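In what comes next, chain A is part of two complexes: it sits with chain B in the first one and with chain C in the second one.
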Partner chain A sequence: MGFVRVHHDVQEYEVFARKTRLEPLRQVGAVVAPDDELAMAYARATYDEERWVEMMIVPKAAVIQLWAPGEAEA
Partner chain B sequence: MRYAEWCIAAPTLEADIAAAAMGLDDIGHSRVLYGSLRELGVADVADEAGSYANVPYLDRPWAEWTAFVAANGVLDSAFTLMIEALAGGNVEVLRSRLKKMLQEERYHAMHGRSWMRESRAAADAEQARRDAIVWIGPEGGDVDDLHHKGILSLGVRDIRRRLDEQVGAAPASPPIDWKAWDPVRRRISPGGIDELTLGMLQGLAEKRYMPAGA
Partner chain C sequence: MESSNSAAFEGLLKRGELIESVSEMTPDYLRELKHTLIVSGDTELISAPAYYLAARKAPSVNAFMTGIAIIQDELAHAHIAYHILEELGESQEALIFKRDPKAFRYPYAFDVPLESWTELVVANAMYDQAGFCLLGDIHEQCSYGPWKRGLVKVMAEENFHLRNGRNWSKRISQAGGAAKEELQRAVDWMFPLTVEWFGLPDNLKQHSAQLDYRLKGLTNDQLRPQWLSTVVPFMASIGIQVPAHQENSHYVLDYPFPSTFDAEAKRWDFNDPCTWDDVLSRWRARGPRNAEMVALFQESFSKFLPQRGREISLQQRIWSALAQIDDPEMPINLVDLGVVYGVALEGRTVRVRLTFTAMGCPASDMIIGDIRERLLAEPGVDEVAIDVVWDPPWSSSRMTVEGREALRAWGLSV
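And then the complex of A and B:
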């Protein structure tokens, strides 16, 4: 049986985190949720197994892509 | 424990993970609270059926996801308000140990609020709210007494008002018969957890798999 989402209107969020203040933020995964609050709760529940000093989420729709793999730099 | 029962039954994979994580959080919170009680000189209570002072909402496993959502959105918020009142009170061991708990509960509240917006959980939420109000206790009771002594930073009216602010004002419902209130178990209705739940809490199911003599 296929996996069925109950949310009607969801968006994808990228999850970023770092373990020390000196290292850059890196993408650690993604979550799908209908709003920012649930996305925050899901990100924390899913990716909190490591000792991050910082974690943040960004709606994927807010990311402006300059070019994609295989595309020439504009 | 009720959260953990939904860790493979929630409507989405993300909600499964959140249920497991929140269940683990709350086990950790219980350990901190019991440890604090011991440090404050409160004797352990016998681990038997009648000793569990849970709200009636937790007596039986939840049959529907809406029951989970209402517990998460309403009951968890009420418990967190009491933790906040303890963390803001004048007992040092509680002031210092409960802060992390509040940070974790912030994510439980986000999860509960969001799912309350999406789910048709009104009937379950009303039951959860009623159980929460009964658990907080009557005005002029022990919670207000602790508030006057500074042990709790919030009194009954404050906690009820904050709960309304967080989860929405209560619809009209029958008045609570405080004469029947049990101040130890903090509930009005008799009963308690079932045998299966008691067995899981006591780890009896797991003990069956332990080597003999262990």
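And then the complex of A and C:
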């Protein structure tokens, strides 16, 4: 997905986090930023609804999808 | 990916499943979804400047920080909606920074300024409660997966906002005296405005496709009472009057709905019932602070552009140049003062439409001279033509927020 922004070279990052050591990481949202540093800052500031025990971001371009909703069920 | 298959789509919708991507949607569903997201994103976004202008009046540093935390939440909520819109193919920057203020789709209430800490906390207690009802319904019903999941965060935070509003309202009411009177006055104009937030009665409303598509579950006539059933008892519990009461299990308004509202005076005239057409035209015309609220976040964007080394148009350079020229009598530049009505380029000639704050302004020749000199210094400009216009007449409402601040700091009340 191409984003038209002030910064021309932005990319999308998925944000993952979990509240306790017991629970698995889950996707809590996404941010769009020109570099990793800014993406980290955006993720911290935007998804601050919990005291996360762990948080990480992944460039969406690095995610390899095996199948999408609907495809495996067919 | 296969192209959208409307039978498969209907099947998903009927089974109560979630839609996950554009490839699964019909074009009609996509259009309704975008519309619903725009209303939500716009409402979250505009609440930030509206709350900010009032948060500056906070009675303590701690209170101010709570206000700022709420504003930060609202921006994150707006981000969630606009980011989804971006994934659906809209440009986030165009939606936020390039739309005309009047094109934003948020409730009319936000165009009426919140001017004190008391009005801010009443907004938290009533507007955020309205948001809580509306978004809670979407969160429960929404058939679009990414939004349903995004709303988990939003709901948790709206709950915090309205609790903040209630705690402060209670505190102010307990203080009594003038503080309590101010609280009552705020509730007096804000309560009916929030009732309006839920829109037209169902019998006057066209059937909403949002219900068929499970973009929401409840109608206006179901959501409005839900809000009343939380706000009316709460206000009674803290000794604040509202124009509504309980009858058996439902709540009844004590005034003709709709009624006439004077936005400048923040006053309802319950002796002057009006029609919904009157209300719709008031909403369409937008309220007194629409342009100023939108400018609060749009202005900084255009300032941001040149710093990024992007190709700057001559038009933009002319505007920046005009913003460097101060009024000879006051510490405010011509753009913030709102006297520049337009800039047009005709080849290498710049045509400026200019007004003055008063006719026969003694400084007018000096201002014209300053503009001519400054713009001629700009590369690409050979000639400057200045058209002085008196229509529309200048008024202080044309000043930007920065302009007002500058004059206030200088000691002038504006």
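Brief remarks follow.
Operating definition for what follows: the second predicted complex is superposed on the first by the 67 of 74 C-alpha atoms of A that agree within 3 Å, B and C clash if a C-alpha of one lies under 4 Å from a C-alpha of the other, contacts with A are read in each partner's own complex, and residues count from 1 in each chain.
Here is the rule we go by: contacts are C-beta pairs under 8 Å (C-beta built on N, C-alpha and C of every residue); 3 or more make two chains touch, one makes a residue touch a chain.
This is a predicted model, so every value here is computed, not measured.
Look at A:V28: by the touch rule set out above, it reaches chain C but stays clear of chain B. When the two complexes are overlaid on their common chain A, residue A:V15 makes contact with neither chain B nor chain C. Look at A:I57: by the touch rule set out above, it reaches neither chain B nor chain C. By the touch criterion stated above, A:M40 is placed in contact with chain B alone, chain C being left untouched. Applying the stated touch rule to the two superposed structures, the overlap between the chain B and chain C interfaces on chain A comprises residues 3, 5-7, 31-32, 45-46, 48. Within the complex formed with chain C, the chain A residues making contact are 1, 3-7, 27-32, 45-49, 68-70.
Contacts from chain A toward chain B in the complex involve residues 3, 5-7, 31-35, 37-38, 40-42, 44-46, 48.
Of all residues in chain B, only 11-15, 17-18, 20-22, 107-108, 110-111, 113-115, 117-118 touch chain A in the complex they form. The touching residues of chain C, counted against chain A in their complex, run 1, 8, 18, 20-21, 23-24, 72, 76, 79-80, 83, 86-87, 91-94, 145, 149-150, 153, 156-157, 301, 304-305, 308, 310.
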